[in-house]
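Okay, so chain A shows up in both of these, paired with chain B first and chain C after.
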Partner chain A sequence: MTIAEDPATTSPGYKWVGTRMIRPDGFEKVTGRARFGADIKLNGMLYGHVLRSPHAHAKIVSIDTSEAEKMAGVRAVITGADFPDPSGPAGDQDLQRNVIAREKALYEGHVIAAVAAQTRAQAKAAAEAIKVVYEVLPHVMTVDEAMAPGAPLLHPKLMTKGVDPAPTEPSNVASRAVYQGGDLDLGFAESDVVVEGTFTTKPVHQGYIEPHAAVADTTPNGRTTLWCSSQGHFTMRSLSAKVLGWEPSKLKVIPAEIGGGFGGKTTIYLEPLAVRLSQKAGRPVKLVMSRDEVFRATGPASGTKIVGKLGFKNDGTMVAGELWMAYEAGAFAGSPAGAGSMTALAPYTVPNFLIEGFDVVVNKPKVAAYRAPGAPMSSFAVESLIDEAAKKLGMDPIDIRLKNAVTEGCQATYGPKFPRIGFVETLEAIKNHPNYKIPLGPNQGRGVASGFWFNAGLNSSATVHVNEDGNVIVVTGSPDIGGSRASMALMAAEEFGIDAARIQPVVGDTESVGYNDQTGGSRTTLATGAAVIEACRKVIADLRGRAAKQWDVSLDKVEWVDGQAQHVEGTQPPLSLADLAKGWNRTGGPLTASAALNARGVGSAFSTQVVDLEVDPDTGHVTVLRYLTAQDAGRAIHPSYVEGQLQGGVVQGLGWALNEEYIFDRNGKMENPGFLDYRIPVASDLPMIDTIVVEVPNPGHPYGVRGVGEVGIVPPLAAVANAVDDAVSRRIHDLPLSPVRILDAIINKDS
Partner chain B sequence: MSRIQVSCTVNGDPVDFLCDADGSLLNTLRDELGLTGIKEGCGTGDCGACSILMDDQLHCACLIFAPEATGTTITTVEGLADGDHLTPLQECFLEGAALQCGICTPGFLVAATALLKHNPNPTETEIRYALAGNLCRCTGYDKIVRAVREAAAQMREASA
Partner chain C sequence: MKYFAPSTVEEAAGLLAQPNTKVFAGATDVIPQIRAGRPEPEALVDLKKIDRLVSVQRTDAKWVIGAATPTARLTGNAELAAEFPGLVEAAGLIGSDQVQSRSSLGGNLCNASPAADSVPAMVVNGVRAVIATPGGGTRTLAVEDVPAGPGRTNLVPGEFVVELEVDRAPARTGDAYLRLIPRTEMDIAVVGAGVRVTLDESGTVTDARVALGAVAPTVVRVQAAEAALIGSKLDDAALAAAAAAASAACNPIDDKRGTIAYRTHVAGVLTRRAAVIAGQRAAEKNGASR
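For the complex of A and B:
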């Protein structure tokens, strides 16, 4: 049962915000009309195929494309030599090398070359005819291997940042992040109970169902149009330009509908390849990844190793916390070790702490953001340890969290003071819910965990036009990945006081609207929403001015109520949006306004979750019996899509906890690059996911929005491990909690 | 390679197309007939995004060679609605917010259509098992299962 209260009933005064309109793009999406990345087809279009490294780590001695170039239907072949030499800041050079390998292949699946031909089959055959001579190098696959003295190096010049004194020798450790406060030794000395453990998690993929796709059309004068499915087409433009050595303005990027991203479509893979192939062939080129390529060469989230230790007083007060955390970055620096460090203890008031996070390169695909990047892993360690402490202290797992929960005014372990937040409310909501009191049977267990995520603000623009019929077009540059057109329409309807069905929300291309950062960081409803609200308010101010002109009264005599301009004294018949639109010739021309902002007032998100599950003692298989999540949304603009974010995050977390992992053979080749062997949760694995949408409004947003996309994936890892421990008295520190692992823990009870 | 001519019925229309002997029906329907509502999520029969009905049976189009379509009657997501008139399943998916990104939606709608044809009154468990071949990474399935249950109820009511 979903028991979310409908915010329409809890936030009186709003007519549209908090209601459940049918999404404006819904008809297209249930009839197969919506065009996703791979659905774009242009006249004369060629098909591309990418050749990838079969080795986890190898020097590229030579690439011979001569045979491939002569094959039937082949119009272009490219290698790293077709791109400018890597230059610019280290991160840019990494991006350029990740898109197409230069001196070395750094993971199995690293791009070596690409072909465009008239048919898919021709392109594939030609790619396979490219002769590459490799010199295979020793590889490192885990943080332990990569950090070991004398480990083979991925990058001969990589010097660890963030250590004092600065290192004199290169290593595979790109950086160290540190957060500390108080006096750690004193904290542990004061502790009555100390819990500690070493935790590991495996790389997991974002698992969006739509593989990456890009279509490029380059004209001889150099103007290029790129269609792709991404979380942000402006970012695709700027990143692609960096790899091509172009000014971003040379590229126009048209957003296709996006079939899931979860952070994994915030960077480029195919886009510059498609552009270069198109440029060389003089024809449009389409590149689409296979699922196998998606697994081998995109995403995933970091595998991690975390050593944690927490100290508590007898009354449950957390007085000390120490975490040493190493995150796999994949082949290039940039794991979310920093964010993992910042979020690890953020939900709690712990006076003495030391958190160290290491960003470690290994011979795996470069990690990409995945929903609250970095937080689920560190939270897995911390929330498991808190559970253990609660058991030792004989405390209820909610009570121990309530005892230490941050509230407004508390200083976060990562620095700032929290404004108004709803963490305590999520804990209380779970505690008071009937699910929390259902008696459990044999081999059944209940697990609780909480999580925190910052949420992001960043840059957004919006343009609002009134049509001549009085309907409204809202253009933003934020791809709609899960219902944001609906939330934009609802906020605009609320501002204008007109039916949401009269608002047409549009996701504009890079030439149709001002710059927008990506749909990510749970930011779109907050930041792009704020831009929409501001643009609406500008148009409304203009409308009032025009009514004042028409009535020949001063502006303060005109107010905007329920979609029309009204004279405050009621001496004039009201002028509706349609009336004012009809008369725009006489009052100053068309009605349009834009707003652009760097969003402030970001509101942090907290979630508390409880899972009930049953362990089959003979097989180690886990059945999830029921799941309840409570999350502070600030304000739910469209409650159904808010619930959907909560539910989707939980289920991705359950996959992470129970099934999902990258498996590599001893040569560093991925052994399970398909949905058969990399098993994401399916409908028959799951119960309904019950949601409680808590609404503690964010003071930084006009409607109180916080952003809801990410934090839901943080608690499930520990919630499941805690429930397994509750069911079979086994504290397992390593994910996933697959049947084999659980069975092993059951059998080896005494070891 | 010489191409093979195939005649079949797609969404009510008689169609002819040429295909390679080893071409997949999925690519053929998408590329030759422009039916891009059918999606490729994996190409290996593991995600259900390419679900179609072939002679009323649910299939993954990615696992069928295009010449196998000869003489069959195929329904894709594009053929479910009657013009602007959506089916109860499509309506319930919209009403119940059973899609987020929507890439899995065509496959779910086709698979659920097949389910309700054979079983007009499925339990929650039956719905979950019938749709276990369709992956959705966005929704956690909760709202999809509810939408199918609601559509089944509406369809039973309409035919009662």
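For the complex of A and C:
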């Protein structure tokens, strides 16, 4: 449901914004016509196969490709030596080494070499014929192992940043982030109730259904076209160019439809390999990952260890918070420990706090962004502790959060002051919902948690063309990952005052529209939407000018209303978009305009959620009975897709809470690289996820949009843990809350 | 890799006499296993085109189920489901709706996974496997004697299961199969428990069978649990004794799907629950089913 629901539009004053048009890309997707990454086929195309490290940590002594090169059908074999020496900032060097290993293999699945051949089977056989001599090294898999004195080092020169004085010895800790305020000792001294605990979470994968795929076609003059499915083809272009040592302009990237990303398709894996193979073979080359490869070598989100302590007054006021958090980065620096630190206490006004976040390298695949990266783990610790405090204080879990909730003007623990935000509104929406009052039976429990995510703005461009028939094409450079074609069409329809069905939203390639940053930070409806609105307004200004010219009146006599130019005094018959398009020969030629911007005015997102579940006390199995999520969307442009984002975040959070985890054997090899034993929720695991779309407009966007994609995954981890505690009186600090773990807690009370 | 689809048992037996030939019924395990890197055989022999292997027949004495019959045809057979609800429910748990149109009792048995859902349910119902032998004859083995260990059976090369046969259920007999999976479907049993009981007119258990899956290298028949149930009216003490006996019979491993402690405990829990359901079903069947 949406608050203030109205049959025509949920947003008063709007005609199209807030309606639920059928998605423009829906027909192609449900009929199988849409082309995803692996659907691209070119004449003369070769198939690639990637050879990956079987070891979690090993020195690469030698690679002998001579046998493979002689095999039937083989057209190209590449290794790390086929790429320029890593150079530039450390992050770029890490990117290069993650795409293809050089001195060492740093995780099982790390790319060692790749082959292109005429058939898949030939490519696979040749890859298996490559002789690699490894010197296996001891590995570290957890932050505890990696941070232990004398731990084997992944990178011999890695010095911890953010520590004073700077360390003189390398370690596996890439950086330390610190956020502090007030006087921590004083805060805990003032506290009536102190709650603390050590929390752990496992790496989890984004779980997109479409595996990574790339097709590259390099011409002899070096121009290359790359087809891939990603969260941003301009980003794929610039990242690939870095690894290839090229100017980005040598690459044209054509976006395929994307079958899910959730943050995991914001970086490159196969793209530069496909380009180099194509260049070497002189033919187009296609690379597609298997599910096994997706698990072993892409994503995941960090595993974490978090030690937390919160202090409260008897009335529920939070007066002190201390968090020590270590995030697994995988094989290269770059975990979201910083974002986890910034978001951990962001929803609350806590005067005294110290938050430390450590970015720790381990012999696992390098982590990638996953929906509100870093926030779910730190929130799991904080929201579990708040729940424990509420129980000790005898307070309702919503009330204790209301007591401490940030509002407009509050300074966030990570620095800035909040503009108008809707956190309190989400808490009140849950508290006033009938679900929150349903009585629970035996072994049933209710859990509440809230969450925060910054959202992002970044760079977007859009171009709007009016066709000769008066219909409109809107070109953006943001892949349609969550219904953005529909939301762009609705915003353009609102601007032009024409039926949204007359808008054709298009995702342009890197040569057809201005630069767009990738879709991340829930930014696309906000930022690309703002570019679309601006471009529409430019075209409308042009249309008014042409009407003024045609009527021979001054511009201020012309207004744009309901898809047509009108004379303010009504002395001229109105000119519709089609009329003006028809006459463009006489008024200045075709009608088109572009807009490009660096989006400001980002509106932060808050979510509050409540779950009811039942624990089978004899098996530890959890059944989710009902789930309610309330989130501030600012303005829901397309309410169905907003609700879908809210529900999707919850479902992924439930998987993270209950069953998802990477399992490694003693040698650091992943034991569950498939959806059978890596358990994302299936439909029958879930009740209907009820949604409340709260609309507290973001003052920084023309329509009040806030990003909606990410924050929904933040609360479920703690909400589920809190509900399990409510059901069976066991506070479990370690995820996932699998049947094995819950039964163990029930039987061995103090585990 | 060659593919053969014989239309008679004899033809299939001839093909399977060739070395490095693998048989499949629904291929719901064989194809994923090859894709996951198991060595490809020279030839695959598809049993689904043999009429005898895809049929369900009932006589006064027994049911005969073709080994390659899609499990969807078992769950869709109301008479079979009424007589052996536990067996049919277990068969219906294999894979997904899509997989159900390919999966089969013969395949589930001969894939020899310790976690195969239909196997404990077949064992408690005394199901027998009719096996075609390379010489052109047949032999019969109790289902519990077919698996030899994870991925291994007691069939010799060239043999394949033709039919599964089960005697008609006596009066006042009920069966049940329960499994524990972390999800609700599309999963592999962490523990499975099948129970069948026969009651007399007073509600006393006169016969009982208990079998467990995923707690040992092969399906485990738990005679101590059966003994605990026989002679009881499925009262608390008998159920508790059966549960304890089931737990005691476990010889599981720690792996990615569960721990020794967990499997051992839950084997008892599911045995008890399955016994209660089987007892209720038996009590509802006052007369003989034929």
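Throughout what follows, the second predicted complex is superposed on the first by the 739 of 751 C-alpha atoms of A that agree within 3 Å, B and C clash if a C-alpha of one lies under 4 Å from a C-alpha of the other, contacts with A are read in each partner's own complex, and residues count from 1 in each chain.
The definition used in the following text is that a contact is a pair of C-beta atoms (placed from the backbone, for glycine too) under 8 Å apart; a residue touches a chain by one contact, two chains touch by 3 or more.
All values derive from a computational prediction rather than experimental measurement.
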{"item": "Chain B or chain C, by number of chain A residues touched", "value": "B"}
{"item": "First (chain B), second (chain C), both or neither touched by A:Ser640", "value": "first"}
{"item": "Contacts of A:Leu676 with chain B and chain C, given as first, second, both or neither", "value": "both"}
{"item": "Touched partner set for A:Gln93, first chain B, second chain C, both or neither", "value": "neither"}
{"item": "Chain B versus chain C as contact partner of A:Gln572, first or second or both or neither", "value": "neither"}
{"item": "Which of chain B and chain C A:Gly483 touches, first, second, both or neither", "value": "first"}
{"item": "Which superposed partner A:Leu743 touches (first chain B, second chain C, both, neither)", "value": "second"}
{"item": "Contacts of A:Asp618 with chain B and chain C, given as first, second, both or neither", "value": "second"}
{"item": "Which superposed partner A:Asn443 touches (first chain B, second chain C, both, neither)", "value": "neither"}
{"item": "Contacts on chain A seen with chain B and repeated with chain C across the two complexes", "value": "676, 681-682, 684"}
{"item": "Residues of chain A touching chain C in the complex", "value": "292, 618-621, 658-659, 663, 671-672, 676-677, 679, 681-682, 684-685, 738-740, 743-744, 747"}
{"item": "Complex interface listing, chain C residues touching chain A", "value": "36, 180, 182-188, 190, 256-259, 261-262, 265-266, 269-270"}
{"item": "Chain B residues within the chain A interface of the complex", "value": "20, 27, 30-31, 34-44, 46-47, 49, 76-78, 80-81, 86, 90, 93-97, 99-106, 109, 124-125, 127-129, 131-146"}
{"item": "Partner chain B, residues of chain A touching it in the complex", "value": "2, 20, 22-23, 25-27, 29-36, 38-39, 41, 120-121, 206-211, 257-262, 288, 290-291, 481-483, 638, 640-641, 643-645, 647-648, 650-652, 674-676, 680-684, 686, 688-689"}
